[in-house]
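The two complexes that follow have chain A in common; it is paired with chain B in the first and with chain C in the second.
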Partner chain A sequence: MEQFTPKLVGARVKRREDRRLLTGQGAYTDDHRPSGLLYAAFLRSPYAHARIVRLDPAAARSLAGVATVMTGEELARLVKPVRAGSNMRDYKTTSWPPLAVGKVRHVGEAVAVVVAESRYLAEDALEQIDVDYEPLPTVADAQAASEPQAALLHEEVGTNVLLTRQFAQGEVDAAIAGAEVRVRERFRFHRHAAICMENRGCLAEYHAGTGALTLRSATQCPGLLRDVLADLLDLPEHCVRVVAADVGGGFGAKSSLYPEELTLCAITRLLARPVKWISDRREDLLTSTQAWDEVVEAELALRADGTIVGLRAEVTTDIGAYSIYPWTATVEPVQTISFLPGPYRVPHYRGRTRGVATCKAPLGPYRGVGRPITTFVMEGLMDRAARRLGMDPVELRLRNYIREEEFPYKTPSGIVWDQASLTACMHKAREALDYEATRQWQRQAREEGRWVGIGFATYIELTGVGSAIPVSPGMPISTGTEAAFIRVDPSGTVTAAFSVAPQGQGHETALAQVVADALGVSFQDVRVICGDTAVAPHGTGTYASRSAVLAGGAAILAGRALREKTLQIAGHLLETNPADLDIQDGRIFVRGKLERGIPFREIARAAYGGLRRLPKDMEPGLEVTRFYDPYYGTASSATHVAVVEVDRETYEVKIHRYVVVEDCGRIINPLIVEGQVRGGVAQGIGAALYEEVVYDEEGQLLTGTLMDYLVPTAAELIPIEVHHLETPSPTTLGGFRGMGEGGTIGAPAAIANAVSDALSPLGIEITELPITPERLFRLMRGTNELS
Partner chain B sequence: MKPSPFIYHDPTSIEEALALLQHYSGDAKVLAGGQSLMPLLNFRLSAPTALVDINRIAALSYIQQEAGQLRIGALTRQRTLEFSALVREHLPLLYEATTLVGHLPIRTRGTIGGSLAHADPAAEYPAVATVMEAELVVQGPKSQRILRPEEFFLGYLTTALASDEVLVEVRFPIPPPTSGWAFVEFARRHGDFALVGIAALLDAEGEQCRRARLATAGVGPTPVRLRAAEQILEHEGLTEQSIEAAAVRAAELVEPQSDLHASTDFRRHLTQVLTRRALRQAKARSQERQG
Partner chain C sequence: MSEQRQLRLVVNGEVRTGQVEPRKLLVDFLREDLGLTGTHVGCEHGICGACTILVNGEAARSCLMLAVQADGAELLTVEGLAREGRLHPLQDAFWEHHGLQCGFCTPGMLIAAYDLLQTNPTPTEEEIRAGLSAVLCRCTGYHGIVRAVQAAAECLRGGEE
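Up next, the complex of A and B:
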């Protein structure tokens, strides 16, 4: 890439937002209290599937302090229902009214809303709403939902199977039939919840005088919300502003449009008073999009020398009650078959998937989307194959990775990997671990009767996705571009605004590093504003490991454009050819003659200060907007290694070591990358050992508190060793690759493989996550190891 | 998650508190540290007419050594117990159990009396009170009564406290200096309620065991004294075989329930494992103290 000579990019710059966030100076949605504020509370269904026979809000309406009570029918007159469409062939679009109309489809679905002078009063009023439900048969899981006699959730489409899809390449059945070694397994990845420090919440404010609607929301996608709200509320889009200022975690669960956002917007328009709703933890666990919940039956075939010849898989995904906007119910099931072959050369492949509606909270994207399970499945099969072949699992992997000379590599599902450091990551991981010594330690520990194991997982991840491959294939919206708006103020300070919207990722620091380098000014002089559609150019938000690539790329384009104009103005003022000038640290100078220069702020002043100081015909001002589309996107990769021990008596899994070697291309800020890796691994450890959303047969959520839905805390974690390779992406501006999700992708597989390795003397293999002591206890009962 | 409306009182004397409880005759709740009650109120699982907040009653917070006992005021914070030199010296079992109670913010607010009166069978203090044969001092409007743990804990979240009574003090007999102790529990995460907890207290000399005390947390509607297991140790001494026999017996004595986190069978299995671990540790500590 021409003339991108990074200085700040690559530096361990401390996150500038942390002073604010860690000292209680952050301004989250709930911190905003406009005058005249009203508070909303939602009446939520206690039934998983029921007809609403009667709903009488009269008593609630008459309570003092209640501004309004609204039912689903009433709200339906004010907003269009959400329909998450897709042009994917075998996908059935269904409706999702923001408040239930006619029937409810999962426990926790909102059936009415109370808006009152306080949240306390609003909740008191909820108890006065009289609802008669006629229970319908519960559709408890994907298996039950696909039976021909199953009750239908969405009568309009006549089936609970909302999508089917297949990717195929080669002659998989023949290849597998003729293979020397076959390993086959049924893997179960349970339902998972994204637990954010900040629950969901929003504040809608309609200004009757201007007709402007402002929604503050704990969302990852302010730009995306603005587009859809204007449509569903039938408002001119220039009257809609969405702000996501400080947001405390998202992990995908804050990337979709939610019924509460739509409801509040409709009500504030009606009342012309601001209305706030802050989810409590119970509501968050009941209604935020959940993740995974898949069964994968997969078979891998290899030659006797360990070369993979074929892979086939059948995936069933429990997508819950509704198809979420904009990602649709396809996002998890389709990515699963899309990415299953992972980092390996798989000549013959077939993946089939179906997404089935059930009476559970809607499924949505969650850190890693599809890839935590595909990595668990594929890496689990690789270890089984290694055991069967008597090969070292590392050797088997090295034999099958896509080779360096094969990039760009097109996968069976049509994804193009630009380049990834698969073999190099594994070599470095083996070295960082001291693999031989660790195996030696394992042999000794085994002789002492201990159950210790080593597990590997390598993944390749599509990040920074451009317009060639939508984040969710078939989706009607574009997620392939982002933009940067950069304005140099007359004093020489720089304001850069982006539509990406961080929830803790450190964009204010990382993007300032990129802008400062691209423009040639100092880091301190750059302020980054994210997540406000009134300030930023059009974009969608922060999700899918895209911000470093897309917003970073846009920042480089915009920064370069301003740099060029700056040099032209400087050339004019210094009476020098702009080509002979350079900018560094906020000063423009003649190359080779450092003393002959001019401060950047002089250029800024000149840009706004009248034509005489500008070259003839130059437009005044120093600001620019640039869009960036990385087209295909770029691959990130990593190898994770877990060393674990299973307690022989309590079946507790203890992690002794955790090593990550990752390549996310050119690193903008190693501190941020390492923080992301560690946070992602922590969530992956949660998936491997602790976290599971449980519904009972009646569709009641049993994990409705954080005493039952177990998230690992600092006490459960160990120091995670992170090593970097830094191979700039050949296809993206700046060479950046996305890396926000990776930790969560590798960890479940690495830990599962380590536990299987630890228990291999007993013949126990892990097929189901999380690996709880109870599950291991039951597995042990199948052996004679119970004391 | 906001509570239903309630009337709030914050008396400064125990007499005043008792009068209020009498006034509401069963429709008031005592608020101490609030670590269990507040969630119940916010979930609207409990909606009393009034709350009687006893946090301003300074006379309920103390740790005193008297008549071979440590007497602990019901409002004494768990965090205070954790840092009390008296507790550490005389009631190391209570100290060890305290470090396992929830997390620092919980222990900072939570009180010993609140935990006992809430009577969650998976909590640490009911098991400690049971194994130590503590005396629970209950004050009513007219009189005071002293209950043994077996009399106090009646069932899941249920005690012998009448609606106009307050638990005001817990009296722990100070064990002989050569006794050994252990509080061992297995929880999914640090600070969680235990799937199973075992409290052990041994008065031993060498492998001779004068008195053995074992109690459980998390494997029944109340803490369970494992008397039949204790007797094995008192009769056969603290050998590896008798410890194993006591552990096996312990698992037979409990009737744990299945829940989301562990089945009956797994809890029974853990009872055996943890009883063995607790007894080994208690024995080692006793021997260490005997020199």
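Up next, the complex of A and C:
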């Protein structure tokens, strides 16, 4: 294969998105105000589980300024319910009507919608809707939900356990029974919220004359939404356009289909007026997909020399009230058992998981999916084993990493790691930290009575997944391809359109770097358009650390095709063999004779100038669409190190240093990569120390404001040190590996291990995140510290 | 609903007028009535800081003020930071140091930083972190933001000399 020789790829190019965002000229969903705009507000259930006995919208309908009020029954006549299917054997498909029909299954579920001339009027009208609820027993958590006598959320499937799955390799029970060292623990990862600074929202417009429906949405997946909306609304797909212009954060929580999107599309068709809904923060906290909420009981067995012999785990995931489309409720629980062995050679393995429905907001994908908890569990077990064995935790890891010569490596769940820099990342992390000096500092600090600790976490992450593996288990739609459409205008400027849709990842810059290199033109001459299905070729969106790999790969293919045609036209005009030509910075020239050349814009003009200037039989025009499928996908890896101190008075955890050494393959733009790593780490630190979604026993959300759900501020965080290894992926075009999620994967484990290390003289080990001062206080009560 | 109130104020140096219901939030007035959509709504309960603007020279959350309370006031929003097509040094520094990703918190963050440097032209890193802690960013981990404010402070000091 021809060599990809990067010039702009790898450069620290300032983002071209930034000028508009810095000057208040961004185009977020709420910034659009088409004429005739109506505003929607949703009436939401105050009960976690209740039958809707009566719902009377008459008074609300009669208010001045109210265009319509719609109930679940009425809406059900206009749209099909969402049914997130999976081919996975032990998975039960359930329905999710966009507005509740008959009963509600979590607090905040929408039961009716008001559409009015202003949001203020719409909210006034909500107060006039009369609803009688008959409360049903609340199914408060996964344990209660799995009891035989538990009330059922979805009666039609006869159980709250919506899925079970197992991965196994070897003879794990025998291996563990015969092992010299066993460590066993019950780990608890609480519920987490993405907290995008932009709340969810959408704006639907129907043009009655043409039958065209346009949905602007704060979504990560415009392509995916377009496909499913056409299906559920029974519209020809070519009449549906989904646009995600500027989107204020996503992190997975904006990657699923939401009831409000469906509702607004149905209503705009009915009224033939544009309708907008922007969630307020409380709605966002009540209804956006949440993350994790898992209990993992795991046991790791090793030989006396520290070699892992076996691992087994039982996972229970609280999936909330509904299975989300398209990922389904399998996405978190199954990925957890799929990725648990992590970067280690685990000859005997068994992971069993189940996903249980409860009266909470639906669980969905969140940055890292499955891996933040598997890393927390596996790395926590490794540190426990190291303490038990009296081994250094770094040495124990180095002994067990998958070795360089073992790649490609097939895991017990069947995933193939193409290559990863596990040992190299750890060596560099140890050096960046100055491990020996830091341990020395720790010994001294301990002598002074301080609680200081060092925590390591290594992960390997499947990224850029192609068509061989569904991103979510058994998912019936393919997410294994993306495409690039590139058009060279007659003036020589270039437009490249993609279905990937960023929410801050800087695709407009990074993909322009890739296109410019592949085609041979200057960065300034390439404009990238993302997130508009009307201009993009078919694809799904931005999620699962895939955009650099899939869209980047498609950009290379399309850019190369255009480059080839450009050289053919240039060869014709220069009367030279195209094989002797090269393109650089928008100029085509004869290799070795720089002065004999022609500007790229001349070729562009010739391409559209009729056959007189083109080689005989060549099709006019200079545009192309190319699809790319990396098939298996590739792997990114990193080692994170946290150095922390627990305050002896307040039990507050203070981070002294945080070091990341990562390998995401060939880096397109280091500025963007480092930003993604640091932002991911910040979310992981939030998960480790502050953030927790709390429901009470009645299923009421206790963290319904940002005063209760604590996101780290600038004052809690420190500068994150980032180092790169740059090993091009052997399996992807361009050598890129995806990396958007990684920071969040490593941080909870590194922080937890550092706190456990700090408190190891007291015999305290962290099993539950977040590590709030209150949790530490409770743990300390079991020690002499407080007696 | 209720009677409209007449409003006259100065926004980014320009006199603007409007008619609003007394209950209308200042941020909704800016966005809907004046078309200044640069100021963002992130929580409507005064925590996230995305809607931060300057009111009579001091940082305020426009989601916690009614439009009528701003009658006669002088406001600065993100749209007023750049002058004659030239970015403010803070905007330049945020760009240079990757102080933004999704950009949603950025308008509030820029105004909060502007307010900080106005009252403390030589902040330490700790003072910057404390000063910006009233605006939440979920993308950057604040790293680039803090570096940007340090750089802008230096640039602004240089400009005065």
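We adopt the following convention: the second predicted complex is superposed on the first by the 785 of 787 C-alpha atoms of A that agree within 3 Å, B and C clash if a C-alpha of one lies under 4 Å from a C-alpha of the other, contacts with A are read in each partner's own complex, and residues count from 1 in each chain.
Criterion: a contact is a pair of C-beta atoms (placed from the backbone, for glycine too) under 8 Å apart; a residue touches a chain by one contact, two chains touch by 3 or more.
The model shown is predicted, which means the values in this text are computed figures rather than measured ones.
J.: Looking at A:E297, would you say it contacts chain B, chain C, both, or neither? Reply first, second, both or neither.
T.: neither
J.: Tell me the contact category for A:Q503 with respect to chain B and chain C: first, second, both or neither.
T.: Touch partner of A:Q503: chain C, not chain B.
J.: What is the contact status of A:D124 with respect to chain B (first) and chain C (second): first, second, both, or neither?
T.: both
J.: Which holds for A:A715: it touches chain B only (first), chain C only (second), both, or neither?
T.: A:A715: touches chain B and chain C.
J.: Could you say whether A:M707 touches chain B, chain C, both of them, or neither, answering first, second, both or neither?
T.: A:M707: touches chain B and chain C.
J.: Touch test for A:D629: chain B only (first), chain C only (second), both, or neither?
T.: Neither: A:D629 stays clear of chain B and chain C.
J.: A:P773 in the overlay: touching chain B, chain C, both, or neither? Say first, second, both or neither.
T.: It touches chain B, and chain C stays clear.
J.: State whether A:D280 touches chain B only (first), chain C only (second), both chains, or neither.
T.: both
J.: Does the superposition put A:Y690 against chain B (first), chain C (second), both, or neither?
T.: In the superposition, A:Y690 touches chain B alone.
J.: Return the chain, chain B or chain C, that is in touch with more residues of chain A.
T.: Larger number of chain A residues touched: C.
J.: Could you pull out which residues of chain A sit against chain B in one structure and against chain C in the other?
T.: Chain A residues touching both partners: 120, 124, 280-281, 707, 713, 715.
J.: Which residues of chain A touch chain C in the complex?
T.: It is residues 14-15, 17-19, 21-26, 28, 30-31, 33, 120-121, 124, 194-199, 246-249, 251, 278, 280-281, 503-506, 671-672, 674-676, 678-683, 705-707, 711, 713-715, 717, 719-720, 743 of chain A that touch chain C.
J.: Sort out for me which residues of chain A touch chain B in the complex.
T.: 119-120, 123-124, 127, 280-282, 649-650, 652, 690, 694, 702-703, 707-708, 710, 712-713, 715-716, 772-774, 777-778, 786-787
J.: Quick one: which bits of chain C touch chain A in the complex? Just the residue numbers, please.
T.: 1, 21, 23-24, 31-32, 36-45, 47-48, 50, 77-79, 81-82, 87, 91, 94-96, 98, 100-107, 110, 128-130, 132-134, 136-146
J.: Help me check something: in the complex, which residues belonging to chain B touch chain A?
T.: Going by the criterion above, the answer is residues 1-5, 43-44, 186, 188-193, 195, 260-263, 265-266, 269-270, 272-273.
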